[in-house]
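These are the structures in question, set out in turn.
Both of the next two complexes hold chain A, though its partner changes from chain B to chain C.
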Partner chain A sequence: MRDATAPPETPAWLLRQPVALCPCGCIGKRQKASYLERTLTGGSDLMHQVMFSEDVARLPGVLQRLDPRVKLVGTMLLLVAVGLAHHITTLLAAYALVLGLAWWSRVALAFFIRRVWLFIPIFTAIVVLPAAFSVVNDGDVIVHLWTWNGEPEGLTSQGLFSAALIIMRVAVSVSLAVLLTITTPWGRLLNGLRGLGVPRLIVLTINMSYRYIFLLLEAVGDMYESRKSRQVRAVKHDAAARATVGASIGTLVGKCGHLAEEVHQAMVARGYRGEVHALDATKMAAIDRAAALTSVVLAAAILSGDRLLGG
Partner chain B sequence: MHIPDGYLSPATCAVGYVAATPLWVVASRRVTRVVKSRNIPLLAIFSALSFIIMMFNVPIPDGTTAHAVGGVVIAIVLGPWAAVIAVSIALLFQALLFGDGGVLSFGVNAINMAVILPFVGYAVYRIAAGGAALTSRRRVVAGAVGGYVGINAAALAAAIELGLQPVLFKSASGVPLYVPYDLGKTIPAMLLPHLTVAGLCEAILTAAVLSYLQRADVQRLVPNHPGIPITAGDAAPRPSRLSPGKVALAVGIVLVILTPLGLLAPGGAFGEDAPGDLDLGALGLRAVPAGLEKYNGFWSHTLLGGYGFQSGDHANLAYILSAIVGIAVVMAVVFALGKVAQLLSAASGQEQIEAEPHA
Partner chain C sequence: MAADPNDHDTLPADAPRGAVFVCRNLQYAYLDRFPALDGVSLDIMPGEMVALLGANGCGKSTLLKVLDGLIHPTSGTFHAFGELVTEEHLEDEQFNMGFRSRVGFVFQHSDAQVFSATVRDEVAFGCLQLGLGPAEASQRVDDMLAFMELESLADRAPFQLSGGQKKKVAIASVLVMNPEVLLFDEPTAALDPRTQSWLADLLSELNAAGKTIVHATHDLHVLEQIATRCLVFSEDHQIIRAATPEEILADHDLLLAANLVHQHPHTHTKTTGTITHSHVHPTTGHHE
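Moving on, here comes the complex of A and B:
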């Protein structure tokens, strides 16, 4: 059996980076990729992320075994409980719980922590930290930084508490959402949505859309590459470049229209008459019922623990 | 503009889902009625397109990035209801695949970017384009203005939702539990990058795509522009399709967006709370005007005096209730005026028809 902590089985060609040249310029200069180019290469990151998620979702962990409906409802319950928590201690306890669940589900903890913290909580910190300064929001200054008109100015206790509270809440919430998505294959997640009453038409649309993201991403990449292969000089960010981007998306709109027609015809040819039929959702096992009960108990514990802390 | 989980209170997120759910139901019914069984592949592929458009980020000076949503383009090509579904699904992918935008806050994000953005943008586009031909330059400009206004309206809505958090949700010691910035800070913080960078992205994208479709694939625009001539030399412009209900609904939506701004205004205007609040010096007055003194408090039989219950309890709830009652009354008055105008216009049209044979 494969080791749970082993690197993901993602094809190497997806991870290939552009050839790095010497930074001193002795063997030529590397031009900084444009935002457009970086976004297109970011497409491979997206595929990597999705494929790695599927790798994790196939591991024999505890969350992977659960019914997706239970996981969806449980995650929502825990998200609400975390959203209603007023104390950092409660949120730290909830984070420890999420890390425990991740470990129990054989998710590599270093990857999990990096994936969660690297973007949204750090971005949140940048956004909310100014609120901790007394010039932005009034409060009791505990870190004196400068004096203005005889008044001490700096970081306030209320501001720091508020910032820490929101950063922790965001981190725990993102961790819960990431844990749900990486331990559930996309198809099962959609089955779970259907099991919870989301109309079949919407679920089928989401499922089809998911597949076409990659096709359209490839079409955008092809268009960009074909233009790049026909130009002699470096791309200028001028009106012509904007017109090219507009024309590319316009072409994409046209392609989408044609594709939708073709897919519809293919569906009709296979017997589609506007009604969506699908296999019934699986029945819940004893472990699923136990998990549902556990998630209710955990959410109640988070809330009552928070109330016990007062305030 | 994607609000992650943890920024908004669960109560605000619940309001987002409650507001978005009926719109999703109406949108899926409307789209199914228009395009019949073609709806699934059409919506699926345009949802993927919206997702791809949102992937193209442009850095902005405050360290974050901005991107176009493409909601107005989709609304122009397929109609605003189709844009509601397409952008909502794209947002769902972003929340689940990237963790960009939250699971609890999905309803609120959908209201901002999948409802307000395409509807406001499309309404502005329709008004600005009028009955101009599909290939006219006016339509490109209208698309740009629609994109610009649409994304800024969505940003304003997000700013209001974020800015209401410290007003409505505080701990017992008065510390904000969610976003710590009030409306006075969230509105400039959200609108500045959107009025400059993101608004331009959406405007340029919408105009460029429209311009390309005019040149290369104008038939793509025909289904959602019934009665509009392709070139200026074609058919006569169609009559206005504005109904009193639509006008009242538009007024209601604008009021819903603008109402929370009242929380921003410091003090009272022209001594509205009490004549004693008037800054007499600044107004060049020596005393409170006699008329104001006499008639102040003349009518006190109000249902929600001072936007609150008589008991003074549940101030926030009473404020929201006052806003809902006020908006409903204004919408009813606009609807009634619209009906009267429609009846008068129908009567004058009838007179004209009757008069014509004698002319």
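Moving on, here comes the complex of A and C:
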């Protein structure tokens, strides 16, 4: 029997050398990164992008100098105007305006365009493209793809126009939102919301969600990497894999619960009793008033220009 | 007239006069199954710098949370500044504000404590919650950011900070409230040596300025600098010894029993050839 006070013995198998990797590459096969891996990497990249965006927000550009309240109201006005526009020409003009504002605010245009066009319009296109087919909506077929009961079927001019209109609307709207967020530090944006009368509790909730999403994203990344570092064979998408994912989700929920409890305790420890008090927002300067007026004029110009185009 | 043993509102008869905290026979268990405190009694006097020593999971953090009124013992009593602290008493706004403004707590995990959008908002949070006007709060925040050399980070988001910077922000967010008592949970854990040294100096400075400090640690190499008295926890969640840091560090048997040092055979090859012997490790990096 082992002496209870003595340290436990090291198992014999732990002292044996592991099987070395074969340098000729005969073990296993090359595989592309999995969807999950790409998603996690994407999430991690997004985190870095956000950090990078804070750097953009500190550049001495035009939008960076404005009061966040003016930027919020101005963006809302332009979003409404873009949402009401019915002509692609109007939307293209509005997009040119957004790009001009980005350039004026020292935002790297290639980064800005890529950030908008790489993701959101692609997803929008997936949603709206079926409506461009004659089997979904009647119209004049301009791209003939097949014949059904003697009738030509394919993409219709009306459908393509509608799809292009929606995609442009989304692209301009997303560009406006991205421009607002990358030229305004997160803290100032929340101050702007507070200044516009959004209840403090809501602002605090938004802030904390934003703050802890990144923390949880890190936790997910760590969990995934720790699993990957112990993974020898290719992942099988079987019951065991699903059980692992389920267990990871459960662990993350547990971590969320623990973190939420600690955050609440940290707030209570500093006097939080359900009502949040915060420092007041900054005062508006002449440039802010001029910017507010300009955004009203631009929104009116988009709407009247669109009306002038008729239709 | 003898004190009624069931009257928990009055201070225990053996409580020293003027004590900041008086705890008697505290019991606490997580989920009613996992004990964290088992009959803990202690007194903290004004101006003391007390270190709670013990291995992981011995109950130090739980005790600190009890001392900050964040969790409440399942039995036993906790008095702060002569008043009984219970969940019910902390519901009272006046009592709550008085207690919160006098006791500050720096959590072990800065990520849990640093939740605001910017460093400035974070530091402002506590004093605004306790009713300071925006102008006074703003002035205090500026002073605190300057004192902690955080001015250049004032408009940064917490996720852009390093571990040491987050710890500094967490401390600033508590110090700005100017509490009489400061509770620190593992203040030097996961900090680089320079930040650890800065923190030890800060604790000494705050204590010299009259602040009462209670902190949990198992970091022994700065103990003499950051404690005037130590309370040692056993792994059974009880306080087994109260003494000065010098006395505690000299008692190897106690340190071994409390799992604060370890003993193992090893060799010294660099200096004296291969000699095998056993000894205790009060500090890290001994074998380099």
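Going forward, the second predicted complex is superposed on the first by the 242 of 311 C-alpha atoms of A that agree within 3 Å, B and C clash if a C-alpha of one lies under 4 Å from a C-alpha of the other, contacts with A are read in each partner's own complex, and residues count from 1 in each chain.
The rule is short, and it goes like this: contacts are C-beta pairs under 8 Å (C-beta built on N, C-alpha and C of every residue); 3 or more make two chains touch, one makes a residue touch a chain.
Everything quoted here is computed from the prediction, not taken from an experiment.
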- [ ] Once the two structures are overlaid on chain A, check if chain B and chain C clash or fit side by side.
- [x] fit
Task: Residues of chain A touched, compared between chain B and chain C (which is higher) - done: B
TODO: Report for A:Val263: first if it touches chain B alone, second if chain C alone, otherwise both or neither.
DONE: both
Task: Touched partner set for A:Tyr272, first chain B, second chain C, both or neither - done: both
- [ ] Scan A:Met208 for contacts with chain B and chain C and give back first, second, both or neither.
- [x] both
TODO: Examine A:Leu190 and indicate which partner it touches, taking first as chain B and second as chain C; both and neither are also allowed.
DONE: second
TODO: Scan A:Ala163 for contacts with chain B and chain C and give back first, second, both or neither.
DONE: first
Open item on the list: Going by the contact rule set out at the top, does A:Thr124 touch chain B (first), chain C (second), both, or neither?
Closed with: first
TODO: Pick one for A:Leu216: touches chain B only (first), chain C only (second), both, or neither.
DONE: first
Task: First (chain B), second (chain C), both or neither touched by A:Val62 - done: neither
Task: Overlay on chain A, chain C to chain B nearest C-alpha distance, Å - done: 8
- [ ] Share the list of chain A residues that count as touching for chain B in one structure and for chain C in the other.
- [x] 207-208, 210, 212, 215, 259, 263, 267-268, 272-273, 276
Task: Complex interface listing, chain B residues touching chain A - done: 4-7, 9-10, 13, 24, 28, 32, 36-49, 51-53, 55-59, 63-64, 70, 73, 77, 85, 89-90, 92-93, 95-100, 102-104, 171-181, 185, 204-205, 207-209, 211-213, 216-217, 220
- [ ] Report the residues of chain A in contact with chain B in the complex, numbered from low to high.
- [x] 35-36, 39, 42-43, 46, 49-50, 75-76, 79-80, 82-84, 86, 116, 119-120, 123-124, 126, 128, 131, 136-137, 158-159, 161-163, 165-166, 169-174, 176-178, 180-181, 189, 199, 201-202, 204-210, 212-213, 215-217, 220, 242-243, 245-247, 249-254, 256-257, 259-261, 263-264, 267-268, 272-274, 276, 311
Open item on the list: Give the list of chain A residues in touch with chain C in this complex.
Closed with: 7, 47, 51, 54, 185-188, 190-191, 207-208, 210-212, 214-215, 259, 262-263, 265-273, 276-280
TODO: Enumerate the contact residues on chain C facing chain A in the complex.
DONE: 65, 68, 70, 93, 96-97, 100-101, 104-105, 107, 109, 111-113, 115-118, 120-121, 124-126, 128-131, 134, 137-138, 141, 155-160, 173-174, 177, 264
